[in-house]
Amino acid sequence: MATGKRFKAAVIGGSGYGGAEMIRRLLVHPDVELVRVASIDFVGEPLSAADPALEAVTDLTFEGIPPAQAAAGMDVVLLGLPHTVAASKVPELAALPGVKVVDMSGDFRLKDAAAYERWYKHVHPCPDRLADFVYGLPELNRERIRSARFVASPGCFATTIELALLPLARAGLLEGVVHVQGITGSSGSGVAPSAGTHHPVRAGNLKTYKPLEHQHVPEITETLAAAGARDLALRFVPVSAPLSRGILATAFLELPEQWTQDRLDRLYREAYAGEPFVRVPRKRLPEVAAVSGSNYAEVGVAVGSALRGRRTVTLFGATDNLVKGGAGQAIQNMNLVLGLDEKASLADPGPWPP
Amino acid sequence: MATGKRFKAAVIGGSGYGGAEMIRRLLVHPDVELVRVASIDFVGEPLSAADPALEAVTDLTFEGIPPAQAAAGMDVVLLGLPHTVAASKVPELAALPGVKVVDMSGDFRLKDAAAYERWYKHVHPCPDRLADFVYGLPELNRERIRSARFVASPGCFATTIELALLPLARAGLLEGVVHVQGITGSSGSGVAPSAGTHHPVRAGNLKTYKPLEHQHVPEITETLAAAGARDLALRFVPVSAPLSRGILATAFLELPEQWTQDRLDRLYREAYAGEPFVRVPRKRLPEVAAVSGSNYAEVGVAVGSALRGRRTVTLFGATDNLVKGGAGQAIQNMNLVLGLDEKASLADPGPWPP
Amino acid sequence: MATGKRFKAAVIGGSGYGGAEMIRRLLVHPDVELVRVASIDFVGEPLSAADPALEAVTDLTFEGIPPAQAAAGMDVVLLGLPHTVAASKVPELAALPGVKVVDMSGDFRLKDAAAYERWYKHVHPCPDRLADFVYGLPELNRERIRSARFVASPGCFATTIELALLPLARAGLLEGVVHVQGITGSSGSGVAPSAGTHHPVRAGNLKTYKPLEHQHVPEITETLAAAGARDLALRFVPVSAPLSRGILATAFLELPEQWTQDRLDRLYREAYAGEPFVRVPRKRLPEVAAVSGSNYAEVGVAVGSALRGRRTVTLFGATDNLVKGGAGQAIQNMNLVLGLDEKASLADPGPWPP
Amino acid sequence: MATGKRFKAAVIGGSGYGGAEMIRRLLVHPDVELVRVASIDFVGEPLSAADPALEAVTDLTFEGIPPAQAAAGMDVVLLGLPHTVAASKVPELAALPGVKVVDMSGDFRLKDAAAYERWYKHVHPCPDRLADFVYGLPELNRERIRSARFVASPGCFATTIELALLPLARAGLLEGVVHVQGITGSSGSGVAPSAGTHHPVRAGNLKTYKPLEHQHVPEITETLAAAGARDLALRFVPVSAPLSRGILATAFLELPEQWTQDRLDRLYREAYAGEPFVRVPRKRLPEVAAVSGSNYAEVGVAVGSALRGRRTVTLFGATDNLVKGGAGQAIQNMNLVLGLDEKASLADPGPWPP
């Protein structure tokens, strides 16, 4: 099948929601051909066994092959494997020198194996490669990603909160305790049914889980420190809400009163001017419906009145947790490591209404 | 129709969601008879014109009569009128000495006519009566409500946030800036369709509105100050979410490190021991599904690790915005002013799943 | 604990959604005391372990005791057990002569053990008692239920479709092939998470399952035959929809053209005049929101224009699958067998909006 | 702006949901440039005023210009105007000979002005052009559309039901009374908030509207007659359900018993073999989640057991009402009239989960 596409890709761990979104984007990619999908589930079945939207769209099947075999002959592999499993597969992939790797798991985001063990409750399966992975937030590390062979693509809460706070970090305004609430849709819990995603209850519920102890906080802190934050103590409360896709994050902090609405609006607009996938809406604040189904992120600022020389400043971020907060960003990273147009297969602004 | 019920009630302004919930509770009330419902909408039509769940349940119709006429011969009237309209009707009701009044609007919650004008953008229509109204949060003012003739029953965000913070205020721990996020269902927007409650968009959206400038903040601040808060500066960000009923509020503040999880749990359990409608769940944090459809509120605490002598403490509150955060609380106040069992018609624990 | 309640009840199999709704109704019942709840799950834990809405509402715990022990000293037991398990427990309950039994399972609805085996794929565990159970549809069998010791309370699709078609059956108009679509909320699938109730997919899906071969069709056919239907061939297609509670059923059939809208409206109104829980809305057709959370059922008729002497007639039914289509009806049956007011603990018209 | 795109298009009436979906597809179209969007709403504002997902995606604004001016210099115009308004604009568009027209309204679908007046309650504004429009169902009229200048693109219920029944019509099996239920998401009601799309009620409701008298039935009947149906009497009951996007239609009819599941499966597979956007899923029946957000339609068959020589046969169809049931199909028709790849800008299989 001569597709005229220049690059070849395989997805490893393709039967989850992240896999489905990566496969979807690859199937319509102008320059990258999806050659195969490896999985331990649905072996021998068509991809539509996991993603019914792929019925009659592709002839590919899930292949029960080892990662090295899946990666053979590829320009890039995209890992949709669970935490710790991903890292355990990296050595055999690293042994194939021509293959670039974009990993959606959390395994190579923290740079410190001890921190990994503390937060993921597991000894790091591949600490030797920690230094080789570039953290795949293009808005922070675009040039490093372009020349990387290994990319650790960040997940939904991390991406959303980092994008909401990055301009403050760069401006030297991010310091000390910051309170953050992140509200998430149910697809963030993945493809396996559980009590927390059981429709009869989820459809009418709002609840927190793991408040103040979420495992992605260290990654966010490390990333924002790299951008200029000082002594950042992020206090994060996630909340599950009854929608399928999307995250809205709100960060609260106190700034000196000279940081007015206008000034912070300008700071944010300038910070993201030219960014292909981050926008600061002109007349409204970020909302999930506007980014649902697309690779866009929205960020924005609301500022309170001054009191004794200080103001409360709230920063908002919105993403689709499976696209810019997941597989879309992995594709964006893939485009960068392959030297392609960063927006290839990601330009769709998404449906309205969602 | 001899019902054997001891008291007579009228609802004035009964065609909205607050009216529907008050009517429902009155129809099953063991001691109070709902005699009539006044409204400027649906005049002459059965109550089921506004609330289809009342089809064939009652013979009452909406009557297009003035408040004084609706209140004649009643022991109590419940006001479900919009802000400013409610206050404009109070003088004629006050002229009927035997009639007690429970008002669901915001008109008599603030004690200061100037503050009212600033936040509600309207001159107060009846400032002379401000001092006569007791703020109807039974957990704060039960005895004063019992002996009151006029009660200003608080609304959904105020009730939820106040209950979440009341024990801290009483313990002298509530001071300075507190960050609060409140996530709300669509029924809080009332019965009139609007862009913000249009199902195609709302069903997949999370968005903030009026961040840091919500009109109910002064009422909350005043109430918590009355309970012991000092210099409280509440920074409140409301978020709309895709469910019909329920509010989840999260408050973030910093406390000295001796305020551990155990100690705050104990403080909260003791504060609400014996309260008929506020509970501190034993093994989980507050969630909307647990209180949806009932007059119960849930509150809870999550505490972070200590850093330089301080800890982040998060307080959670959950209510059904139309019941404990609205009409249910109005009925609770009615029970108190009539000297009835506070739980009468409100004991139903609510459906599971919601 | 002297409750002043005249009767004692136990729930056996109380940890599912049917159990939760029965427990809720019993807790607010004026005449029946819920003494204990038996379950093989959550043994020793408070009832709120299964139903968070019961937190702090009752001191009862789930007891891991055999049915006979649970039933000892009771006036009535309510069975919330799965199919085949319920029937296997009936012999030991039958041995306690003073105890009446209301069963929510399908085990005693069909009167023929061979039919049971064909549809439930299981030999009937207790065929000797089939004749002792009365089918618990009060609108058909009220007097027989009043004098029964054993009641087989029908489920959600059966109740909704039977109520929609009963007046036609009685009028001798129900004959031959009838097409029926029943659309159901997710709570009908019970408390166990599964792919079909996984929120990310369910929230945006409409799909059929088991079309034309649903196991409750024989029960419906048998019931309607008992009411006068002849050679009824019900062709039933269930559809799952993204709401938690409620069923809407539509039946299509062809009638002679003299069966106009007016005439059928009259037939339906007369058929259900005086029924406490079935209503024919005056100005609209049945809808789920109007009955959600309550024990009411709505039925209605829409008639097409005549063509060659025939008209298409559509019959609609709406219930809350867990109340009138489940536990509420079980309580209604319990009230009947105990000689109580049929509406006791069931009069609540339900919330608006749902 | 040299885009390298070969064709130029304008959207007229672009501020509704149909407009948003057409604009989205045009923005990512490889061969057609969206030059302008005319509207009487949001004049002078960016497209994101109507569709927030377009924020920062395009510089186009809504232009308050007459249709002829919008169409000047275009290869094609796409009409997203309301019924009757669309037809009133056609004369001035017809006067521009080089411009092809794809109309999403119902104005040119019926071929008979009298039938139009009966169903749309309005005299047809442009009866002279009725004969010039080709009905834009590619699966029926592909070659005629390719050579057409004017296309009347069918809407959501019509497309879904027609695709579900087309193979039967062609096989000469569609005759007499057919019962159809169509369940629809809220986006089918358009962009204007109303009681029926008010989130608090819609989120928990299932209800019918206009049963047996929907205005799109004649269009469906006419289309299926053109494909071979005889004396078709379609009895259609629409139901609104609580999801944003998607339609599931079920048709019930009786066929001679030789029409087994296998034989009908084969008939359907053969009928749609080679169709780019219609699929017959192999191991399941059609479901909305599988087509949500994409231009795919799914159809399928379920067959009951034989009784006296007849079987009940049920046909299912699923589409996204705004894509294959709306704007996506308009784009598909545009591709055909311009001689482009029919799948251009429509190949995206859609998100999973939806």
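Chains here go by letter, A, B, C and D, matching the order in which they are written, and residues are numbered from 1 within each.
The rule we apply is simple: a residue touches a chain if its C-beta (ideal position, glycine included) is under 8 Å from a C-beta of that chain, and two chains touch if they have at least 3 such contacts.
From a predicted model like this one, the values you see are computed outputs, not experimental measurements.
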Furthest chain, CA centroid comparison against subunit A: C
Matching chain pair for B-D (criterion: over half of the contact pairs shared, by residue number), options A-B, A-C or C-D: A-C
Distance between chain centroids, defined by C-alpha means - subunit C, subunit D (Å): 39
Rounded Å distance between subunit A and subunit C, as computed from the means of their C-alpha atoms: 46
For subunit A paired with subunit D, centre-to-centre distance based on mean C-alpha positions, whole Å: 35
Subunit C, residues touching no fewer than two other chains: 17, 187, 200-201, 203-204, 242-245, 287, 289, 292, 353-354
Of all residues in subunit B, those that touch subunit D in their complex: 17, 185-187, 189, 191, 193-195, 197-204, 242-245
Residue ranges of subunit B touching subunit C (in the complex, touch as defined): 17, 20-21, 24, 27-28, 48, 51-57, 187, 244-245, 279, 281-282, 284, 287, 289-294, 296, 298, 322, 347-354
Subunit A residues touching subunit B - in the complex, by the definition given at the top: 177, 179, 181, 183, 200-201, 203-208, 211-213, 233, 235, 237, 239, 241-248, 250, 252, 254, 285-289, 292, 302-305, 307, 310, 312, 314, 316, 318, 353-354
